[in-house]
Each structure stands twice: as structure tokens, then as C-alpha cells.
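Please find the structures below.
One chain, chain A, appears in both complexes that follow, with chain B as partner in the first and chain C in the second.
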Partner chain A sequence: MKLELRMGDWMVTMGLVGLYRVFEYGLRNGVIDQRYRQSVLVLPQGLEVETDVLPQLPRAYFLYLIDEYSAAKRESERLLFYMEQAKRENLFSTASSNIKKVITDIGKRIQKYFPNEPVEPLFEKLKSIKKPTQWDQLQECVSDFQKMIRKEAINEKLTLNYFKAAILKSFFGQVSFLNVSKNYLDLEGHIEQFQTDYIGPVQYDLQLEYTLQSASKVDEILSFLDQHVDYGPFKALKKAWKKKTLSQVREEAKRLAECMLFPGHFAFYNFEEMVFSPIGLSKGNALNFNWNLQDKQPKPISSLAKLVLFFAPAGAAIYSKREQSYDQGEYRTYAGFVQSDAAFPEILQKNNHFKQMKQQKDPFDHIVSKLVQSITTEARYVIDHLFFLEFSSDYDSKKTHLHYYHLPLYLARYFVEYPGKLDYVHYEYREQFIQEVLRGVDPAQAIYRYLRDCIENGRSHIGPYIAVRERNRIMQLKKGVKGMEKTDKRVYALYRSGQEIRKTVEQAGAPKAAGHYSASPSKKISSIAYRLLNAAKAGDRKSFLDTLFRLHMSAERPISPLFLNALHERDLDFTTVANAFIAGLLSQEGQGEQEEVVS
Partner chain B sequence: MKPFVFSTYLKDFHFVDQEVHVKGLTITISSPDHEFLLHLYNGLQRKQAFSYKQYQLVKERIRMLPEKTVTDSTVVFRTLSPLLVEDENQKPVYPDDPGYEEHVNYLADLILRQYRGKGLFLPLIVRPLRWRKVVVKETNHEFEAVHGKNRFLYFTAHHGWFSCTGHPQDLQLLYQLGLSKRRNQGFGLLEIEGVRG
Partner chain C sequence: MKALRLKLFQETACYKKPFASKVAETYPLPPYSTVKGMIHALLRADRFISMRLSVQGEYEAKLLDYQRHYFFKKLDTVAFPLILDGIQENRFVYDTNGISTMPIYTHMLYGVNLLIHVEVEDSVLEQVIQAIEGGGIHYSLGRWEDLVRIDEYKIVFVEELDEEKDLRYHAYISDHLLDIDTRHIPYEIPWKYEIVNGVRKWEKVKVGYVPKGTTAPEGVCIDEDGELVFFHL
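And then the complex of A and B:
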């Protein structure tokens, strides 16, 4: 039987992308037989799935995830990195202790599941390593350990544990094999559980639909229900339909709830947190969704939808990201997805591209500009609806951080016209910058944080200037301004005037008055920069200009009339004026040449 | 009316005939308008010497003075340059005249209306604390053209301290703009001496 799965909300589309990826992986690696080659087809509106292929999917699902998140691969890469570090004498002790930690942590887990593995001798050997001269011994330990962890059974077990805890747990509650009571299962056990909990119900429900249509007598339906009386929903149906005629049964079947994700299918389940925990609610709490006192099935979905949603983790790109500023905040695991109104093949391709770039740790602005570049001007309407989505969810604390990043036309134009311009901006701040921009927020806050960081750590860099200029460009594009040369020049002039003031202050140096303390020029500059930054952040134009006047007076230099924009904002806004000047004040000479490269 | 006020301070001055001889000259300029100040500063920065008639003024240095912020409704002002208050017939009004407060209010309202488009938020209550009469002798080419050389204009103004009660924003602006007639000719620059609750 052929099923048409149409894409819809992002989670459904994510599930479909995941399903297709798993299927493709299965075919490529011989997990799924070649005779099923035509069983999953990509259509413009979604996927067409032949029901015969369904039982093949669970194995492919697990093997796909094991391959994707292989513990052996991940730990080997980590160890390799530490081994490279250990080559340098001064880093040996930290690197070797890191290596020891990795090997002991993982080794203990191996010991737990595979008591026959020679883990103990490895630990002994590690203990004796203390000096940089023992690098070879360390290398030996690492390669022994790598051999052990690469064994199929070990890698399988460790990886299963990892992706169940780290990936799947943020998508689902404690359903099926994710329940703690199923922790003892091995790979085969997991596959079996998947079959019974997800594939079975889909097959039964579809067969029920088919039987209802094709049956000539009511007994045919009842005997079908009898055959699968262990399946919960059927038990209730059997009871209700026992003494009814065929036409009555068909009438009643019409009144059964319909799936809200895949219309036309019976819905025996609910969209709740165990099905998709990032945005699902538990049934008892979903009071807002009760309609007509339907508290038993507030948001009905079919077993098919449940299955598709279970493929969502394979459809998303998983990466970790630091929240908030550079020196504080924590790393969170995020799942990202690109959604648009385009045809399904395009969404699929974009997401594959997105995932690949995320794995290479490409900065967000590169990703966006690369994804946007394929869009031509003729298809501008598509840009309007392209959006990035990412979420970080924790089932235990029932907390989800969900971000939607829409890409309006002006931003699409920005990414097409100025690709890679933000390269000189520090990675962390660039990500924040782009994400604030995509969220439709003024990225000034990210620039303030960046400037503050530069002042605090005495860093001199062209980055803040670039960030200020790009922010200005984006703001101009938002307003519909076409030519950017003039404002670019203005921003650069402000930046230069900051640089020149710095130069003058530095040349003046600290006057040597006997018995009087006088701060060094760089200290003076950073204290002034702080004051200016605080005024800019608070939007206090007067205080900003006041400091600016004093600074120019002490340097005996004229003030550029461009600063008047801080007051009337005719050509540039106050934030740009202030930040461009501060960026100049913080950057040292000799970076003027870089400018040629960057602009 | 231009949005600024100034005062001059003569260092060790003495009169020689119609001339004043000084060791130095300090000019204090106040304005709430940053744009005006910026152009003024840039102009001063560019020029080292200024010639006026047969005199030559050489710039020494430019400094920025700290500005106070009015947060209360009553402040005590001290005049840095004499305060000129005249009635509708251009006759000087003395601080002990009964109409003094009314005339000051009229002036303040006019000054604020011209600068920000809105007059006083609240009428001012003016209490002269200590004052001394100052007669300023001035001339200019227009006056000379009409009345002949060596004829002078005389303005009766007052120096001193006075307390002023009103809206803090009004007071702040008056502090920056000055409160007097002929503010751009060196009358009416104020300094805040204290705040009275």
C-alpha cells in the first residue's frame, strides 16, 4: 500500500527529512534490501512511502544514529587532539591528565557492560605515565584503548547510551525503549521494541482503514479486530462495534477522531510530550486544547504521525552552542532545522547542506549566506518564508528554548550582497550578532558586549569596527536604502577619528610630574572607552558628547561634524556613531591596511 | 537670539583712559546646544589669534568646565556676568522693584520659548539675596554712526546672588542659556552656588 506523507509544520517536515535520511542510509549501507529501492520516493509535497518498507526502518534508524554519533569516532578524535597537545612539553601534564580522564571514564563504562575486556591492565599502565619522555607509552595506551572501543559491540553499546541520553531525550519523553526500564536492552532488543511500539501500530491502523473500506460483511471487520485484540485501541472498537451492522460500523468509523498532522487517518494517539517533547504538553495539562469537553483526545494524531515524529532527531542538525556572552553562559545542545515554503526536495537539500556546514562548525552567517545564494531574484517570495529554527530541550526539567529565525527580504539581500563580511568578527560575537539580526532584533547589544570584552582584555582588533559597519548596512537595507558607499564612508571616518585620537593620546604620553601619579595612555584610553560605552549603552547622548568634547580638547584636535549625527541622526544613528568611534579608539594603527582587504 | 551666553573675566585689569589693560582674559561660554558648541570649538581650534580693531588676542588654551545638573526645584544662582533686566521702555528694573520678578519671568519665558519652542513650565519665584549695581559702558559702530565717536551706551545691570524656584528642567536650561537681556553681548551667565530644598 502506498502512503502519501505531506510536509506541514516544521516538526512534521523534520520527521520526513529524518525518515528519508534513514532510508537513504539504509539503502546505501545494505541495511535495507535493494528491492525496496523505490519504496520511499521524494515528491514535491513530501514523501511517498510503500508500507512494505516500514519493518526495515528500525534497524536502519539505529545504525544511522550509531554511525552518526559513534562513540569510537568521537573519543578517538578527542584523544588524537590531546595526543597532539602532549607532544609539546609544557602542555604534556594537562594533556596527559585529560587523556587519563577520558580513558578511565569510558573504561569504567566498558568494564560495566563487558567484564571480560582487559581494562584494568590499561589503567595500571596509564598510572605509570608521568613524564613527557613517556609519550610513546602514552601513545601505546591510547591505541590499545582505541582498538578496544572500536570493537563493534562496545561501540554500539556506548553510542546507544550516548544518543539515547543526549539526543533522543531532548525530543521525546520516556516512551518505548527510552524508558529507563529498557536500559538493559541490546541493539536487537531496541530494534524489536521500536517495531512493536511504532511500526506495529501503523500497520494495524492502516489495515483497519483498508478492511473498513473493502469489507463486504461486518464479520470481516470484527474478525480482523479479534486477531489483534492485544492492540489497545482495537479492544475498545471491538466492544463498541460488536452488535452493529456494516453500515452502522462505517458510520461510527467516520466519527472517530482524525489525525491533525496527516488528515485522512485514524487518530488513536495524542500530540503530547512523549510524542514530541519540545512543544508537546502532557494530556492532563493540555487544557487550552480541549474543545467541546474532548479532554481524552485534545490533539488527536495517528500512529503514522507518531512514527514520523520519531524520525525527527535524524532530520535535525545537532550541535552545541554557547548561550549568552563569551565568558559566561553554558553550552547547550541544539537541534536546528531550515524550513521554507519551497518544494520538499529543496528543503531536503538545504537541510543536508545545513547539517554538513554545522558539522564543519561553519559560522552562522556563512551558513545563511550560502543557503540564500541559491535563491534567485525571481523566487523572492521564497525568501520571505525561509526560516531557521533551533531548539534546545530538556525533558527532565520540562524546559525548551525555541528560536525562530525568519529571513526577511532585506536580510536575504544583505547575505547575498555582503557574504563573508563578518569574518573578522570574533566567532562567538558573530554568532550572537547574526542570531539577533535573524530574530529581528537590533544587534547593538552584541556589539556592546564585544566592545566591552575588547576594553577589558586590552584587545586591539578590527572586529568591532566591522560589526558596527555591518550593523549599519543591515539597518540601512531595512530602511530600503540602496547605495551603501556614503554611509560606509561615514562609519569609516568615525572609526578613523577614534584611531587618530588614540594616536595623539599615546604620543602625548604620561607627563612626568614629580610626586604625582599619572595613568599610562592605554589606561586612560580604556577608562575613556568605558565611559563612552556606558553612555552609548544608556543612550545618553549628552554624556557621550561631553566626554567626546573633553577628549578632543585634551588632544587639541577638531571634532568631526559627523558626530552631530549623535544628536539629529540624519545620516547615522547614535549607536553607530558611538560604537564606530569607540571601535576606533580601541584599535591601534597599522590596521588601516587591513581595511582594504575587509571592505 | 543665539543659543549661548558668555562672560568675561579680566585678570589684573586697570583703566588707562578709554582702554582697559589686562594681564589675561578668560571667556566662559555656556550653551545647551552641542551642535553650536562643536562648531565653536572647531573654529577656536583652527584659529590661534584673533584681531579686533587694533587689538590682537592670542589663544592660550581651551578648557571644558564641569556642568552641574539641577535636580531640585530651588537653586541659588550667582551671576558670572551682570544681569540686565529692563522694562518695556528699556528702563532698568532693580531687584527691589515690585515688578522685578514679573520682568524676570517674562525674560525667562521668552528665552526658553525661543530655544525649545515652549516657555516656562512653571512661573519662577525669584528672591535676590545680595546684589550690587553695575553700569556697563559699551559702544558699537551703528551707535557711533548715529551718535558720533566717543559716545557710549550705558546699561544698568546687577551682579549678585539670587535664589530661584521653578521647574528643574527650566532651571537647567536657564543655567545653560543665561537669564538676562543681551545674553550674547556678555550679560547674564549664571553659576549654581547651591541647592535649597
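And then the complex of A and C:
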């Protein structure tokens, strides 16, 4: 039987992408037999799935995830990095203690599940390593450990535990094999549980639909229900239809709930937390979230929808990301997805591209530019309406951070016309910058934080200037301005005037009055930059200009009329004026050449 | 044909998507069901009134609001959410078996401008205008707290567009009007419902969310002041 699964809401499309990835993986690696190769077809509107292939999917699902999140691969890469570090004498002690920590943590887990593995001798050997001269011994330990962790059974168990806890749990909570009571299961046990909980119901429900259509007598339907009486929903149907005629049964079947995600299928389940935890709520604990306080099946969905949603983790790109500023905030695991108005094959391709780039840790702006460029149409810029979505969900605290990033026309134009311009901006600030821009928010706050970081840590870099200029370009594009040359020149002039003031202050040096302390020029510059930045952040034009005038007077330099924009904002807005000047004040000479490169 | 044109403004609004409970996601423009609901509420209607709608608009930015929500765990609980913040010596405690609270994120649109056309029987049209002029409570579109300011209401004549024109706002344009060249984000927007097994079963309209600046497809309408109209039926 053929099923057409149409894409729809993002979670459904994510599930379909996941299902196809798993199928493709299975076929490629011989998990799914070649005779099924035509069983899942990509259509413009979604997927066409032959029901025969369904039982093949659970094994492919687990092997795909084991391959994707292999503990052996991950830990080996980590150890390799530390081993490189340990080659340097001054870093040896930190690196070796990191290595010891990794090996001890993982080793203890191995010991728990595989008591016969020689973990204890490895620990003993590690303990004796203390000096940089023992690098070879350390290397020996690491390679012994790698051999151990690469054993199929060990890698399988550790990886299973990892993706269950770190990835699947945030999608589904403690349902099916994710329940703690199923922790003892091995790979085969997991596959079996998946079959029972997800594949079985889909097969039964579809067979019921078929039997209802094809039956010539009511007994055919009843005996079918009898055969699968252990399946919960059928038990109730059997009871209700026992003494009915065929036409009555068919009439009643029409009144059964219909799936909200895949219309036309019976809905015996409900969309709630255990089906898709990032946005669902537990049915019984949030009655007021349902229309008319419905407590039975407020959002009916079919077993098929439940299965498709279960593939969503394979459809997303998983990565960790720090929110907030550079030195604050914690890393969270995010699942990202690209949605666009394109046909399903294109969405699939874009998501594969997105996942690949996220794995390479490409910064967000690169990803956006690449995605935009890879689909550049005949037109000069892309009109395709891209939209990125990412979420981080914690099942235990019942909290989901979900972000939408739309790519409106002016931004698409920006990424096509100015690709890679943000390269000089520090990675963390660049991500924040792009994310704010994609949300339709002025990225000024990210620039303030960046400037503050530069002042605090005495960094001198071209980055803040680039950020100011790119922000200005984006704001201009938003307003519909086309040529950027004039406004770019103005920003550059302000930046240069900041640089020149710095040069003058530095050349003047500290006055040498005997017995009196006098701050060094760099300290002076930082304190002025702080004051200017605070004024800019508060939107206090008066205070900004006041400091600026004094600074120019003490440096005996004329003031550029461009600064008047801080008041009338005819050519540039106050934020750009202030930030461009501060960026100049913080950057040292010799960076004019760099500017040539990045303009 | 005649239609009522409404120009609306909302400082913030959330047009919640049906599946989004733990995070309240919002549609980019109010779905037809929400606009239909607002008109029905204005009329204090107790049954469905047939009408055609056109929804266009834009918003400045999206923001996240972290809100405390109350969760009812039992139907027969006597507990109810009563906010007593700021009251001195308050010893009131909730019955946590019946009610619990949790903060959740709500996506909100900021600075929403909407242009809505309603085509409905003349007599109903008059009633809507009367209701707007003599309304006794605040107007809201979306959730109860999403206040709406009615900047203009005007009866306009609508006719078929026979020239090329670009969209001034983002708009929902019905699937049957969209051609291959018109880029859009596909949505299935709820329109009206019937109650089946105690649950609302929605009739949905397939539309494309078309960004402003796009050239309007053929077969759409325009009103007497040159505003495009995209009726959903």
C-alpha cells in the first residue's frame, strides 16, 4: 500500500526529512534490502512511502543515529586535540588532566556495562603520568583506550546512551524505549520496542482503513479487530461495533476522530508532550490549554503522524550554541531546520547542506550566504523565502527555547551582495549579530557588547568597524537604499577620525610631572571609550558630543561636520556615528591596509 | 462589490498556532478564523455568518515574552488563578493539586499594521459599523489581551484588478490565485469549524504568505483607493 505524506507544519517536514535520511542511510549501508529501493520516493509535496518498508526502518533509525553520534569518534577527536596540546610543555599538565578526566569518566561507564574490559590497569598506568617527558606513555594510554572504545559493542552501548539522553529525550521525554525502565535493553531490544510502539500501530490502523473499505460483511471487520485485540484502540472499537451492521459500522467510522496532521487517517492518539515534547504539553496537566477544556483527545493525530514525528531528530541539524554574551551564558544543544517555500526535494537538499555546514562549525552568516547563493535563481537576488528555525528543549524543566529567523528580501539581497563581509567580526558576536538581524531586530546591542569587550580586554581589531559598517548597510537596504558607496565612505571617515584622535593622544604621551601619577595614553583612551560607549548605549547625544568636543579640543584637532549626524541623523543614525568613532578610537594604526582587504 | 475596509494597529499580538502549547508560536498575520472571530464578537453573533475576508499587513519585529501561565490539572478543582501580588500580609496559597504555574515563552509580533477587507451582506455590514462605533469594551484581535486600535473603517467598492501592481503589505493569497512565479510560504489557515466528538474540526484554506513588493497575481481585486484585495474564497 502506498502512502502519500505531505509536508506541512515545520515539525512534520522535519520528520519527513528525517525519515528520508534514515531510509537513504539504510539503503546505502545495506541495512535496508535493495529490493526496497523504490519504497520511499521524493515527491514535490512530500514523500511517497510503500508500507512494506516500514518494518525495515527501526534498525536503520538506530544505526543511523549510532553512526551520526558515535561515542568512539567523538571521544577520539577530543583526545587527539588534547594530545596535540600536551606536546607543548606549558600546557602538558592541563591537557593531561583533561585526558585523564575523559578516560576515567568513560572508563567507569565501560566498566559498568563490560566488567571484563581491562579498564583498571589503564587507570593505574594513567596515574603514574605526571611529567611532560612521559608524553609517549600518555599516547600509549590514549591509543589503548581508543582501541577499547572502538569495539563495536562498547561504541554501540555508549552512543545509544548518549543520543537517548542528549537528543531524543528533548524531543520525546520518556516515551517507549526512552523510559528509564528500558535502560537495560540492548540494540536488538531497542529495535523491537520501536517496532511494537510505532510501526505496529501504523500497520494496524492502515489495515483497518483498508478492511473497512473492502469488507463485504461486518464479520470481516470484527474478525480483523479480534486478531489484534491486544492493540488498545481496537479493543474499544470491537466493543462498540459488536452488534452493528456493516453500513452502521462504516457510518460510525466516519465519525471517528481524524488526524490533524495527515487528514484522511484515523486518529487514535493525541498531540501532546510525549509525541513531540518541544511544543506539546502533557494532556492531563494543562486542561485549560485545550478548547472547551477537552480532556480526552483535544488534538487528535494518527499513529502515522506519531511515527513521522519520531523521525524529527534525524531531520534536524544538532549543534551546541552559547546564547547571550561572550563570557556569560551556557552552551545549549540546539536542533536547527531550514524551511522554505520550495518543493520538498529542495528543502531536503537545503537541510543536508545546513547540517553539513553546522557540523563544520561554519558561522551562521556563512551558512545563510551559502544557502542563499546555492539557490540563486535567474533573478539577481533570491526571492525564495527562507526561514530558519532552531530550538533547544529541556524535558525535565519543561522549557523550550524556540527561535524563528525569517530571511526577508532586503536581507537576501544583503547576503548576496556582501557575502563573507562579517568574517572579521569575532565568531560569537557575529552569530549574535546575524541572529538579531534575522529576527528583524537592530543588531546595535551586539555591537555595544562587542565594543565593550574590546575596551575591557584591550583588544584592537578591525572587527567592530566592520560590524558597524555592515549594520549600516543592512539598515540602508531595509529602507530601500540601493547604492552604498556614499554611506560607506561616511562610516569610514568617522572610523578614521577615531583612529587619528587615538594617534594624537598616543603621541602626546603621559605628561611627566614629577611626583604626580598620570595615566598612560591607552588607559586614557579606554576611559574615554567607556564614557562614549555609555552615552551611545543610553542614546545620550549631548553627553556623547560633549565628550567628543573635549577630546578634539585637547587633541587640538578640527571636528568633522559628519558628527552633526548625531543630532539630525540625515545621512547616518546616531548609533552608527557613535559606534564608528568608538571603533576607530579602539583600533591601532596599521589597520588601514586591512580595511582595503575587507571593504 | 461593496466591502468594509479596516485599518488596524496592534502594538503587540500573538496569533497562536494550534499545536504550539509549550511555546506559543504565532502566524505572521492573523488567520482568517481569528479575523472572523473578531467580527463575530463585535456582532455578538451566536452562529456562523458567511463572509469573505482579505488579510494583509506587516510587523516591525518579533519578540519573546516570558509569561507565567496557569495550568489546570483537574476539571473539578475549586482553585482558580487569583493574582494577589502587592497585597500585604497575603497568606493565600494555591491548591497545587488542582492548579500549577509555569513560565513559558510567547512569540509576539511587534508594531503590527493590518489592512482587512470584509465582504458580507449589506445589513451585516451596517451592524458591524454600528458595533465599532458603539462598542462597550476594548477591541482585541488574537488573544484577549492583544488590543487593537481601529484606525479606519470605511465602506469601499472593490473591483477586479486589470493592471500590474505590487503588494504594499505582506498578504495571505489563496492557493488558487497563486501562479508558479509567485514566491510564497505555504500555510494552511483555519477558517471555520464544526464540532465533532467535542473537538473543533477545522476547515482550512490553503494560502501562500506572499511578501510585500511581489507583483500581485492575476485575478485579484482592488478597492477604490488603490489597495489590493485578496479574498480567501
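Here, the second predicted complex is superposed on the first by the 579 of 599 C-alpha atoms of A that agree within 3 Å, B and C clash if a C-alpha of one lies under 4 Å from a C-alpha of the other, contacts with A are read in each partner's own complex, and residues count from 1 in each chain.
Methods note: a contact is a pair of C-beta atoms (placed from the backbone, for glycine too) under 8 Å apart; a residue touches a chain by one contact, two chains touch by 3 or more.
Every value quoted in this text rests on a predicted model; they were computed, and no experiment measured them.
In the superposition on chain A, contact of A:L348 is made with neither chain B nor chain C. In the superposition on chain A, A:K542 contacts chain B only, with no contact to chain C.
Of the two partner chains placed around the shared chain by superposition, chain B is the only one that A:R557 touches, whereas chain C remains out of contact. Of the two partner chains placed by superposition, only chain C is touched by A:R439; chain B is not.
In the superposition on chain A, A:L494 makes contact with neither chain B nor chain C. More residues of chain A lie in contact with C than with the other chain of the pair chain B and chain C. Of the two partner chains placed by superposition, only chain B is touched by A:L567; chain C is not.
On the chain A side of its complex with chain C, the touching residues are 8-9, 11, 255, 257-258, 260, 271, 273, 276-281, 284-289, 291-300, 339-341, 383-385, 387, 391, 393, 398-402, 404, 408-409, 439-441. By the touch criterion given at the top, residues 541-542, 545-546, 549-550, 552-553, 556-559, 561, 563-564, 567-568 of chain A touch chain B in their complex.
Across the complex, chain B meets chain A through its residues 34-35, 37-39, 41-42, 45-46, 62-64, 67. On the side of chain C, the complex with chain A involves touching residues 17-23, 25, 59-62, 70-75, 100, 102, 104-105, 107, 183-186, 188, 196-201, 208-209, 211, 213-214.
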